[in-house]
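Each in structure tokens, the structures are laid out below.
Paired with chain B in one complex and with chain C in the other, chain A is shared by the two complexes that follow.
Right after this comes the complex of A and B.
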């Protein structure tokens, strides 16, 4: 076991343990803050996979954007700590069926995929390749995603805006 | 730097720790000198003397303060959320510490020479926001919560003009690596990006006014991001006691202070790298003239620290000169003025760089 393995298991443990607490804890604020460590762990795993740009984007978008928004939402909600959040079991049969199928699918993907096991050549940076591919091979999807985000932005602004009566 | 320590010791763990210690020492020194300078500068501006008892010219005042801080009792309210309360200062400090990892003090004195350095520094500052929100919530105090909400809203708003100006600079330089951006602006001060960057084409002279606009936008928005006056409404002492760290004392409070002064240096460093050549000397290197090659790195570190402290001095100067903005003024400055100007600037710089 070399240092990379140790680091990988460290990040994996951070990710899994904090994800577990996100689901099980009864305090919404704790869930939100545990999510921070989940995102951090995932970013660490990306770094170990030599995907530096993706790791930074992970932190930028999820920690800097979504998590902060989530925290704002939770904190601005009135009486969040006094409400008993319902986290008991309901619809046991259908829920376990659905999650069972989903988990089976994921596990089968894990088992039956033809993984590349020989070490890949390590790239020092992925930005140039990523940028070139985004603006040549995948330019259509890139532009479509941009339009999608723009629509979401305009929609959010128009919902938030109060019309004068 | 990692490679240097690895060659020196031949041990992965020791060299990793050594690389991590360098930014930590940097932050400590920055905070010690920063607090002293803040007191002296504010004293000069208000026609006072400032600290002058501890050591010559009061130089050891902050050291004495630091020792005092370490041995203070950790007095806490009983109504706090103890776990989050203890994690929050660490998280805020970790964000600052992480950003120091990618700042090049000279060509080789840099914690980690990552290609995405600039983007990385913008990203890890979000840990600071999360830490501030955590501190405000855990303190279970109206002032703290209000202060942390204001801080978070302010930081994430002003990240947008900063990011747009950074984007225009990245478009011009074609790289996200802070070392490479500094290397492009080598030799003399007319190669700095505030003077249009290297080369002598027509585009250089066309760029100068837009570079100045970009510099002003990024300077204002980084000033707001580190919560300094005139943008210090998160810790406005006349309305919110001390904002999100009202309930903190002793070592934990010291960590917030370390993070604040560390952030001041980090944003000054970014501004100086983007527009003022980073660690590059403005007049060519003495080491080159004399033929002494080991002098060059020392000169680079000296210039970098000098530029960083120059911008910190301007931040302090503004703090003791300007009154505080209101919340609505703050938001309208960001969304109605800085962001549109930054976007127009981005487009114009893009067109010029195509010429």
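Right after this comes the complex of A and C.
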């Protein structure tokens, strides 16, 4: 085992263990904080896949943006003073069976499929290539996503701020 | 153990996806359901980046992962705005109690 493998198993264990706690802990706040470790673990996996820019974006957008939004969502929709920030669960048995079967099927498909592997050449940094692609091949998606993000943020602000008549 | 390759990343992503689905179907709190959705989106992203690294098609997969992250941010903002409105209306966010369309 070389360092790459050890790091991979480390990040995989961090990701999967904290994801397990996210979906099983009853306290919503704990779940949100375990989600932090999941996002960091996924960012580490991106680094191991030679996707440095995606890893940085993952940390900035998910940890810096989405996680904070989720925490605000928890704080604003639960009566913190009542210590009643537990989340109930439903259909535990049937859900465990279903997702267990789903997980078995997915994992066996991933393992037993004969993937055609052709390692790409590893670049020291992907930022230059990604930037060029964004403004040439993917420029339409880039502009559309910019507009979509603007619409989504305006819409979110106007939905959340609507006053009762 | 084997040399870490494409399969390892795909297996991690499959397990993460299943955990996300488990979170979505078992939780009652709407914010927790959103967390499950984020796990599922992350699993899909790992697949995109892994295939981009191991398939020799260039960086298209990483670009798609970038777009998925943008969409996840937009989705989280809209969904939390809706959840806040539901909370104003019903004073809780348990998705099994918000069934007024049935009446």
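The rule is simple: the second predicted complex is superposed on the first by the 118 of 165 C-alpha atoms of A that agree within 3 Å, B and C clash if a C-alpha of one lies under 4 Å from a C-alpha of the other, contacts with A are read in each partner's own complex, and residues count from 1 in each chain.
We adopt the following convention: contacts are C-beta pairs under 8 Å (C-beta built on N, C-alpha and C of every residue); 3 or more make two chains touch, one makes a residue touch a chain.
Given the structure is predicted, the values throughout are model-derived calculations rather than measurements.
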So in the superposed three-chain picture, is A:72 touching just chain B, just chain C, both, or none of them (first/second/both/neither)? both
Which partner chains sit in contact with A:53 here, chain B, chain C, both or neither? Use first/second/both/neither. both
Is A:45 contacted by the first partner chain B, the second partner chain C, both or neither? second
Kindly classify A:107 by the partners it touches after superposition: chain B alone (first), chain C alone (second), both, or neither? second
According to the stated criteria, A:98 is in contact with first (chain B), second (chain C), both, or neither; which is it? second
Could you figure out whether chain B or chain C reaches more residues of chain A? C
Interface residues of chain A shared by chain B and chain C, listed 53, 57, 65, 72
Applying the document's contact rule, which stretches of chain B touch chain A when the two form their complex? 12-13, 81, 84, 87, 114-116, 119-120, 122-127, 129-130, 133-134, 137, 145, 149, 152-153, 156, 159, 176
Which residues, counting only chain A, touch chain C once they are in their complex? 1, 4-5, 8-9, 12, 15-16, 19-20, 22-23, 28, 31-32, 35, 38-39, 42, 45-46, 49-51, 53-54, 57-58, 61-62, 65-66, 69-70, 72-74, 76-77, 87-92, 95-96, 98-100, 102-103, 106-107, 109-111, 115-120, 126, 129-130, 133-134, 138, 141, 145, 148-149, 152-153, 155-157, 159-160, 162, 164
Hey, which residues of chain A end up touching chain B in the complex? 3, 29-30, 33, 36, 52-53, 56-57, 59-60, 63-65, 67-68, 71-72, 75, 124-125, 127
Footprint of chain A on chain C - complex, ascending: 1, 3-23, 25-32, 34-36, 38-39, 42, 45-46, 49-50, 52-60, 62-63, 65-67, 69-78, 80-85, 87-88, 92-94, 96
